[in-house]
Amino acid sequence: MEFFSPSDLIGSSPILALSAFSLIALLANALVKNSAKTVFYISVVGILAAIGCAMYTFSMNATAFSDMLLVGGYASFFAVLFLVVALFSLCIAKPYLEREQYHFGEYYVLIMLSTIGMLMLGASADLITAFLGIEVMSVAFYVLAGYYRGKLSSNESALKYFLLGAFSTGFLLYGIALIYGTTGTTNLLRIVTMYPQAFGDPVHIIGWGLILIGFGFKVAAVPFHMWVPDVYEGAPTPVTAFMSTGGKAAAFSAFVIAFSVPMSMKDERLMLVVAVLAASSMLLGNWFGLSQLNLKRMLAYSSIAHAGYMLVGLASATSLGQQGITFYLVSYAFTNLGAFGIIAMLEKVNGANLSYEDYAGLAKRRPGLAALMAMFMFSLTGIPPFAGFVGKYYLFASAVHSNLTWLAIFGVMTSLFSTYYYLRVVVYMYFREATNTEEIILPKLTFATVIVCAVGILLFGIFPALIFDLMKSMF
Amino acid sequence: MYSLAPFIVLSPLLGFLINGFFGRKIKNETIVGSIGTLAVASSFIIALLIFIEMLGSPAEERKHIVTAFEWIAAGTFSANVAFQVDQLSILMTLIVTGVGSLIHLYSIGYMHGDAGFWRFFTYLNLFIFAMLNLVLADNYLLMFLGWEGVGLCSYLLIGFWYDRNFEKGTTGDAAKKAFIVNRIGDFGFLLAMFLIFNTFGSLTYETVFAQAAGFSVGDNVMFWITLLMFIGATGKSAQIPLYVWLPDAMAGPTPVSALIHAATMVTAGIYMVARSSILYALAPSTMEIVAIIGLLTAFFAGTIGLVQNDIKKVLAYSTVSQLGYMFLGVGVGAFSAGLFHVMTHAFFKALLFLGSGAVIHAMHDEQDIQKMGGLQKFMPWTFRTFAIGSFAIAGFPLLSGFFSKDEILWKAYTDGAPWMWLIAALAAGITAFYMFRLVSLTFLGKERFDLHHVHPHEAPQTMLIPLLVLAFFSIVGGYVGIPHVLGGHNYFEEFLEPVFAGANAKLMMPMHDSAALELGLMGTSVAIGLLGIYAGWKIFTQKMEIAENVAKRFSGLHKILWNKYFVDEAYDAVVVNPIKTTSEKFLWKIFDVKIIDNTLNFSAKFVEATSNIFRRIQTGVVQSYAIVFVAGILFVIGYLMVW
Amino acid sequence: MTFEQGVFYFLASVTVFSAVMMLLQRNPVNSALYLILNFFCLGGLYLTLNAQFIALVHILVYAGAIMVLFLFVIMLLNLGDDKRLVEHLGLRMYLGIAFSSGLLIELLYIFGFSSPMNISELSPASVEMGTVEYIGKVLFTKFLFPFEITSFLLLAAIIGAVLLAKKKLVQ
Amino acid sequence: MIPLNHYLLLSAFLFSCGVLGVVVRRNAIVVFMSIELMLNAVNLSLIAFSQFLGDATGQMLVFFVMVVAAAEAAVGLAIIISLFRNKQTVNIDEINILKW
Amino acid sequence: MQNILTYTLFSPLVGILLLLFINKEKQSLIKYIGIATSFVTFGLSLAAYFGFDAANTQMQFVEQYPWIAGLDISYFVGVDGFSILLVVLTTFLTPIALIASWESITDRLKEYVAFMLMLEVGMLGVFLAVDLFLFYVFWEAMLIPMYFIIGIWGGKDRIYAAVKFFIYTMAGSLLMLIAILWLGYYASTIPGGYFTTNLQKLYAIAPGAPMGIQTWMFLAFTLSFAIKVPLFPLHTWLPDAHVQAPTAGSFILAGVLLKMGTYGLIRFCLPLFPLASFQFTPLLATLSVIGIVYGALVAMVQTDVKKLVAYSSVSHLGFVVLGIFSMTEEGIQGAMIQMINHGLSTGALFLLVGMIYDRRHTREISQFGGLAKVMPVFSSIFMIVTLSSIGLPGLNGFVGEFLILLGSFNSVFFGSYVYAAIAATGVIFSAVYMLWMVQRVFFGKITHDENRSLLDLTKREIALLIPVLLFIVWIGVYPSTFLQSSAASTKQVVTQMQNAKSGNVTPAIPMK
C-alpha cells in the first residue's frame, strides 16, 4: 500500500512549498519580536519559491494524489497567477497596514493560507479538492475581511461574507452530492466518462445547477452577487484587492475545470443558464455601478460586470472561451490590483478619500499616478491597447462562435454604461480642479507594484501572444 | 495666332497675381493701375490679332481649340482647361477686353485716392480672367469656372467698400445677395451639366453639339437641360425671378457697375444660351419660356425704372430690361440678334454708367437725381456723351441701339408673336421715357443742389477718354449689323452664322419677305421711342407738375413701382425668413438640441436615475441578499427541471 | 413495516420535528437544543445506513463540539431572551417562506420522480465501508491530500478565531 | 428496505428547513445554525449515496464537511463575537451600515 | 523602403519616449521635439507616397507579422489608393496642428504634445491597418488622446463634450467589434475556413455571405462609421466636440478624424458587403442628402463661428458619403478628394477661428464686424478658405463636390436624380451660411472697440496657413496629382460592385 509517490510531491510542490513557508511564518510570528516585517519577508520568499515550483512543473501534464490534483499546464499557469497576485497584494498591503497601524504577522499568514486554497482550486481534478480549496480560501478571506476588528464596517463585511459564503457552500456541497450520487464519483476525469449515461437524469443536471450556484457566488455572478459591494467596501483595501483578483481568478479557474465537463458535451441547458447569469451580471454590474459614489464600491460593481464578461466565455463552451477567461483573469488581476493599489495609497484613515471628488485634480498633483489610474480605467473599459480589450475580444469572439451573438451584443451595450463610470474617474482626475492640496506621500513599494501592473496590462495588451502561447498546452 | 489664346486668359491672371501679392507694397497708384489696365489691354490686343486673322480665313477654318492641360478626370469623366476660339467667343472676348480696358483706364481716375486702390484692380483683373474663361472655354465645366468666378468677383466688388452702408443694409448685404442669387442660378447650371454628361457622356462643346445634332426636336431631356441652364442664365443675367440682385449690385463702385453689371458678366447668360443654341433649338418649349421671361423682364424692369431716383438704380433697371430684350431675341431664335444687342448694349450701357460715375464723382457721391439738375453747364462732355448713350439706348434711329433693338423686335414679331412685339415696343418706349427723365433731371433744368457746398466739375482725362471712345462706338457700333431692309448687309449675323448653323437647321424658321411690314414695324417702334424721349424731356424739364399729378393720382401704382413690386419683400417673407426661422427655431433648437441630443442625454440620465433607484435593492440586510440568492436558485433549478 | 422501516420513520419524523422546532423557537438556546436533537437523530439515520464510524464522529463533532461552542457563545453574549430579536412577519419573511417552499417543492419533485442510477438497495459493501479500518485505509491513501489540507483549513480557522476574538492584539 | 429516495427526500426537507432558517431568522447565530442544518442535510444525502453505491468517496466527503463545519463554526463565531463587541447586537436587521 | 509604413506609423512614439525624459518646464524644447518628430513622420510618409505605385491596385509596402496566431490576427499594414493620401494628409496636418498650438497651449504642454503624437499614431494606424483587429485597436485607441485633448485643454463645457464624444463613438464601435467577430466567425464556417480578421482574406469571403448576414454586419459597420463621419442624425456630438476642443484639436478632428468614418465606408462596407450596400444605398443616400441640407441650414443660424464651421462639416461630409454610395468612379473619386479638401479647408477654418479666438477670446459672430480693416491678411486668407469651403471652381472644394454630384447624378445604384438634385442645393446653402458669417465678421463698420486694436497674423501663423492654401489652390487647379492616386483602386471597387450587382458575386473561396 503506497500513500504517495515522489511524483505526487513534485506535482504538488507549489502547494507544499507555500504550506511549508506559511508554517515557518506562523512560527516566526510567534517567536520573533516585531514579527510582522519578518513574516512579510518570509511570505515573499515563500511565494517566490512557490512560483519557482509552479514554473518548474509547468511542462508536466499529469495528475497527483490519486487524481486529486492537476499538475502542470493549467494548474501551473494559474498557480503562477495566484502567487503573483498574492505577492502584489502583499506589497500593497504592507505600507497600507503600517500606515493604519494594523500591521500583524497573521495577515501574511492568512494571505498565504488563502493562496494555498487558490492553488488547490486551480489544480482541482476532483470536486472534493475544489470544495476544500474553496473552503480554505474562504475561511481565510472571512477572517481577512474582518481584519479591522475595531471597525464596524469591517466586522459587518466579514459577517455578511461569512454567512452568505457558508450558505452558498451548502448549495455547492449539495450539488457535489447530487453529482456524486448520479455518477458514483467526484472525480472530474471520471465524471466525463459517466456524463452521457447520467445526462438524462434530472438529479444530475440539478447537481450541476447547484455547483453553478456555488461557483456563481464565488465569482460574483448575478443574482448571487449581493455580498460583493458590501464586502468589498467594508474589507480593508488590500484585502479587497486580493479578493477581487485572486479570489475571483481562483473561483473561475475551478469553475472552468468543473464546467469543462458538461460544456465539453455542449450541454445546452447549462450553457443557457450560464448565458443568462452572464447577461444579468453584465447588466446589473454596469448599471448599478453607474450611480456609485465610492470608488471601492464602484469597483465592486465593476467586478460583478467583469464576472459577467467571463461567464460569456464559459457559456460559449469553447476552448476559445476558456482561453478568453484565462487571459481575462490575468488582465483583470493586473488591472484591478493596480487600481486598488492606487486607491490604497490615496486612502486615508477611516475609509476617507474614496469618493470621486477626492480624486479631483489628481493629474496635476500627481501626474504619474493619475496616468496609471487612467490606464487601469481604460483597460477596464476595454479599450485597446490595454489588456482588457484583448480579453473582451476573445470572450465575445467565443460567444459569437457559439451562436450567442445576442449575448455579445448585450455585453458590449452594457459595457457602454461602464464606460461612463470608468471615465468619470478620469474626468475627475484630469478635467477637474483639485479641491484638496495636501501633499500626497506615496509608499514606494506600492507604487512600484502599481507600475508593474500597468506595464503588465500594456505588455499583455500589445503582445497578448505572451499569454496565449502559454495556453497552447493548456486547452 | 490661335495658339496665343491661352495668353488672353493668362494675362489678366498675371495682373491679378502681381497686384494681389504686391499691390499693397506698391504704393504708387499709377503703377498699380497701369499693370491692371495693361494686363487687360494686352488680352485685347491678342484677341484683336486673332480676330483679324480669323476674318482673313474661310468660315470653316475659323474654329480652333487650344488645350492647356487636363483639369478634372475621374472615371469616364474628363474636362480640360482648353479654349475654343471661334466667331462667338472672339466676339465676346473683344467686347470683354475692349470695354474692360476702357473701364480699367477710367478706374485709374475714378478710384484715385481710395485706400483699396490696389485691391480694386486686383479684383477687376480677376474678373476679366474669369469672364474670359467663361467665354473662351471649350467645355461647360470650364465655363462654369468662369461663371462662378465672375459671380465671386461681382461679390467682391459689390462689397468693395465693405464698411459703407447701402440702402437699408450694408454693401456686404448687397454683395452677399448677389452671390447667393447667382448661386441659385448656378445650381441650375450644375444640374444641367450633370444631365448633359448623363446624356452625352461629355461636357465638351464639340462632343455635345455633335451628338445633339442627332436628337429630334422636342426631346424631353433637351427640355430639362436647357431649362436648367436657363435657370443659371436668369441668375447671372438678372432675369425674372432672379433679377433682384442686380439693382442692389449698384452698391459697388461705379466702374464695377459699368463693367460687370452692364457690359460683361450679365451677358454671360445670353452667351450661354447662344453657345448652346443647338440644344435650345431642340427644345422649343424652353425657347418659349426664355422669350416670355425675357419679355416680362424687359417690361417690368422698365416700369420700375420709371420711378427710381437713384441715378445708378435707373440704369440698373434699364440693364435688367435690356437684358430681357436680349433673352427675347435668343428666345425667339434670333441668336445673333441677341448677341448684337449684347454688343451695342455693352457700348452704350458702359458709357452711361461711366457717365453716371463721372456725375457721382462730381457731386461727391450724391446719387439722387432729385438733388441734381443743370449739370450740363458744369460737365459738358459728360453731358454730351451721356446724351449719346441715352439716345442709343432709346433706339434713336441710326445709333447703335436702334439697329440691335429693331432686329430683336422684328424677330419677336416674326418668329415669336405679334403680342410680343407689342409689349417689347411698349417697353422700348418706357425705356426712352425714363432715360430722358434721367437726362433731364440730371443735366437739364435748374440746379437742385446747394451750389455753395457742392462744386461739380468735369471729369479728369483718364475718365473722359473712355467716355469718348464709348460714345463713338455707341454711335457707330450698330453699323456692322445694318439690316437688309435698310439696304445693309448685316455683317454681324453673317459672321456668326456658322456658330448657329446647327441650331438654325433645327429651328427651320419660316421665311418672311415682307419688307413693308418690317419697315412699318420699325417706324412704329421708332415713333414710340421718340414719343418716350420727347415726353421724358418735356415733362421733366418743363412740366414737372404732370409727373407729380400722375404720381398722386396713381399713388397705389406708384407705390408698387417705387417698391419694385415688393419682390424683395416677398422673397424675404416666402423664402428667406421661413428657412431661417425653421432652421433656427426648429432644426437647431428643437430637432438637434431637443430631440436628438435630449433623447440621448435622457437615455443616459434615465439609466443613471434608474440605477440610483434600483441599487437600493441592496438594502444592507444580509437576509435580503439571501432571498435574492434563493430566487436565483429557484430560477436555475426550475429552469433545469422543466427543460 | 419492518423494524428497519420503523426505526427510519421514527428517526425521520423526529428529525423533521426538531428541524421545524429549531426554526420556530424564539430563544436561540432552545433552537440550539433542538438542533442537537436533530443531530442525534441524524446520527441514528447514519446507523441505519451502516455508517457506524461516521455516525459516531458526527455526534462527537457536531453535538459534542460544534453545538457546545454555539451554546457557549450564546451564553457568552447573553442573548437568552433578547426582546430586540422579536421576529417580524415582514415582506422579507413572506418572500423567504415562499422561496424556501418553492425550493422544497422543486427538490421534492425531483427526488420524488427520480431514482439516481436505479439503485434500490444498500450496497452489500456498505457494511464493511462503515468500519474504522476501511475508512482509515481510504483516508490515508486515496484521500491523503485532502485530508492533509484540512489541517490548513483548521489552521486558518484557529488563526482567524484568535485574531478576531482575542481581547488585545500586540504588534 | 428503505429506498434511497426516502433519504433524499428527508435530506431535501432538512435542507429547505435550513434555507428557510437562513432567510427568515434574525439572530445571526440562529442563521448560522440553520446553515449547519443545511450542511447536515447534505451529509445525509452523501452518506445515503455512498452506502447505496458502495463507494467510500461520499463518506470521505462527509468527513471533510465536518472539518469544514468545525472550522467555519470557529471563524463564524469569532466574527460574531468581534461584531458584538463593537455593536452589541447580533440582530441581522441592524447590521446594515454597508448598503446601496 | 521595406518597413517604411511601420517606421511612419511608430515614429511619433519615438518622440513620446524622448518627451518622457524632458523636464516639463522646458517648454520650447518640448515643442521642438514634438514638431521635429511630426516632421520626421511627414517625411517618412512622403517617402511612402513617392514610392507608391498608383497603377497598382494591390496593397503596397505590406508588412505582416503574426500577432495572435490562434485567431489569425496579424500585424498587417499596407497602403493602397484609398489610404495613401489620407496617410499623407494625417502626417501633413499634425505638424501644423502642433505649430498652431505654439502659443495657445502652455498648460501641461508635455502631456499635450504627447497626446497629439499618440493621436497621430492612432490615426495612421487606422489608415494603414489591413487587419480588422489591428484596425479596431487603432480605431479605439485613438479615442483616448482625443478625449484628453478635448477634456483638458477644451472650453467651458469640455467635460460634457469629451464624454459625449467618447461614448458616442464607443457606442458605434462596439457594435462594429461584434461585426468583426461575426465576420471572423463566418470565415470559419466556410469549408476549410478558420477564424480570421485578415482583411485580404475577408475580401474574398465576405461578399459571398448570405444576404441576412451581410445586412447585419453592414449595419453594424456602417453605424460605427456613420457616427464618426458624422452622418445625420448621429451628428450631435460633433458641434459640441468641435466647439469645446482646443484649436488644434478641432483642426485634427475635422482634418483627419472625421475621415476615418468615410474611409471605413470605402474600405470595409462596400467591398465586404456589396449586397447589403445595394440594399441600404437609398437609406444612406437619403441620410447624407438630409445631412447636407440639414447641416447647412443649421449652420446658417449659428451665432458661434466654430459651431457654424462644425455644422458645415456635417454638410460637407454628407457629400462624401453620398459620393461613396453612388458607387461610381466619379463619385468615389470625388469623395476621396473631398475628404482631403475638407481636411484642408475646414481644418484651416478652425485654425483661423482659433487665431481670432486667441486674440479676442470669443467666437460669437456678433462680437466682430469690420475685421477686414484691421486684419487684412487674416481676412484675405479667411476669404480664400471660405471660398474653398463653398466649392468655388478653381479651388479644391469644387473638384470634390462636382465629382460627387456628377457621380451621384449618374449612379445606377441611386436610380434617381433626386439625391443629386437635392444635394446640389447644398451648393447654395453653403454660400449662404459662409458668406453671411464672413459678412458679419469682416464687413461693415467696426462696432466693438476691442476689435480696433487687433493685430494681424504673425509670420508664424501665416507660415502655418501657406501650405494649406497652396494645396487648396493646387487641388483646385490641377487635381490630377491627387485623383490619380486613388483612380486604380476606385476602378477596382466600382467594377467589383458592378459585378456584384449583376449577380456575379465571388463565391466564398476556401482559405489556404
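A, B, C, D and E are the chain letters, set down in written order, and residue numbers restart from 1 in every chain.
In this section, contacts are C-beta pairs under 8 Å (C-beta built on N, C-alpha and C of every residue); 3 or more make two chains touch, one makes a residue touch a chain.
Predicted model only: the values in this text are computed from it and were never measured.
Q: What's the minimum number of touch steps needed to get from chain A to chain B?
A: 1
Q: What's the overlap between the neighbours of chain A and those of chain C?
A: Common neighbours, chain A/chain C: B, D.
Q: Greatest Cα-centroid separation from chain D: which chain?
A: With centres defined by C-alpha atoms, farthest from chain D sits B.
Q: Mind having a look at which chain is the central one, using mean CA positions?
A: Centroid comparison flags E as closest.
Q: Looking at CA centres, what chain is most distant from chain E?
A: C
Q: Which two chains are joined by the greatest number of C-beta pairs in contact?
A: After counting contacts between each pair of chains, the winner is C-D.
Q: Measuring centre to centre with CA averages, how many angstrom lie between chain C and chain E?
A: The separation of the two C-alpha centroids amounts to 70 Å.
Q: Can you give the whole-Å distance between the Cα centres of chain A and chain D?
A: Using C-alpha averages as centres, the distance is 26 Å.
Q: How big is the gap, in whole Å, between where the Cα atoms of chain B centre and where those of chain D centre?
A: The answer is 97 Å.
Q: Would you mind pulling out the distance in Å between where the CA atoms of chain B average out and where those of chain C do?
A: 103
Q: Mind pulling the chain B residues that touch 2 or more other chains?
A: Residues 604, 615, 618, 620-624, 626-627, 630-631, 633, 637, 641 of chain B each touch two or more of the other chains.
Q: For chain D, which residues are shared contacts with two or more other chains?
A: Touching at least two other chains: 8, 15, 18-19, 22-24, 26, 31-32, 49-50, 53, 55, 60, 64, 68, 71-72, 75, 78-80, 82, 95-99.
Q: What positions in chain A touch 2 or more of the other chains?
A: Residues 128, 132, 135, 139, 142-143, 146, 149, 158-160, 163, 167, 178, 181, 184, 202, 206, 229-230, 420 of chain A touch two or more partner chains.
Q: Can you list every touching chain pair?
A: Every touching chain pair, ordered by label, is A-B, A-C, A-D, A-E, B-C, B-D, B-E, C-D.
Q: State the interface residues of chain E toward chain B in the complex, per the touch definition above.
A: Answer in residue numbers: 167-168, 233, 236, 239, 294, 297-298, 300-302, 328-330, 333-334, 370, 372-373, 376, 387, 392-394, 398-399, 402-403, 405-407, 409-410, 417, 420-421, 424-425, 427-428, 431-432, 435-436, 439-440, 442-446, 477-480, 483, 487, 490-491, 494.
Q: Inside the complex, what are the residues of chain A that reach chain B?
A: 159-160, 163-164, 167-168, 171, 202, 205-206, 208-210, 212-213, 216-217, 222-224, 226-227, 229-230, 269-270, 272-273, 287-292, 417, 420
Q: Touching residues of chain C toward chain A in the complex: what are they?
A: Result: residues 110-111, 113-114, 116-117, 137, 140-146, 149-150, 152-153, 155-157, 159-160, 162-164, 169, 171 of chain C touch chain A.
Q: Applying the document's contact rule, which stretches of chain B touch chain A when the two form their complex?
A: Answer in residue numbers: 604, 607-608, 610-612, 614-615, 618, 620, 622, 624-626, 628-629, 631-633, 635-637, 639-641, 643.
Q: For chain D, which residues are in contact with chain C within the complex?
A: For chain D paired with chain C, touching residues are 1-10, 12-21, 23-27, 29-30, 32-34, 36-37, 40, 43-44, 47-56, 59-60, 62-64, 66-75, 77-82, 84, 89-91, 94.
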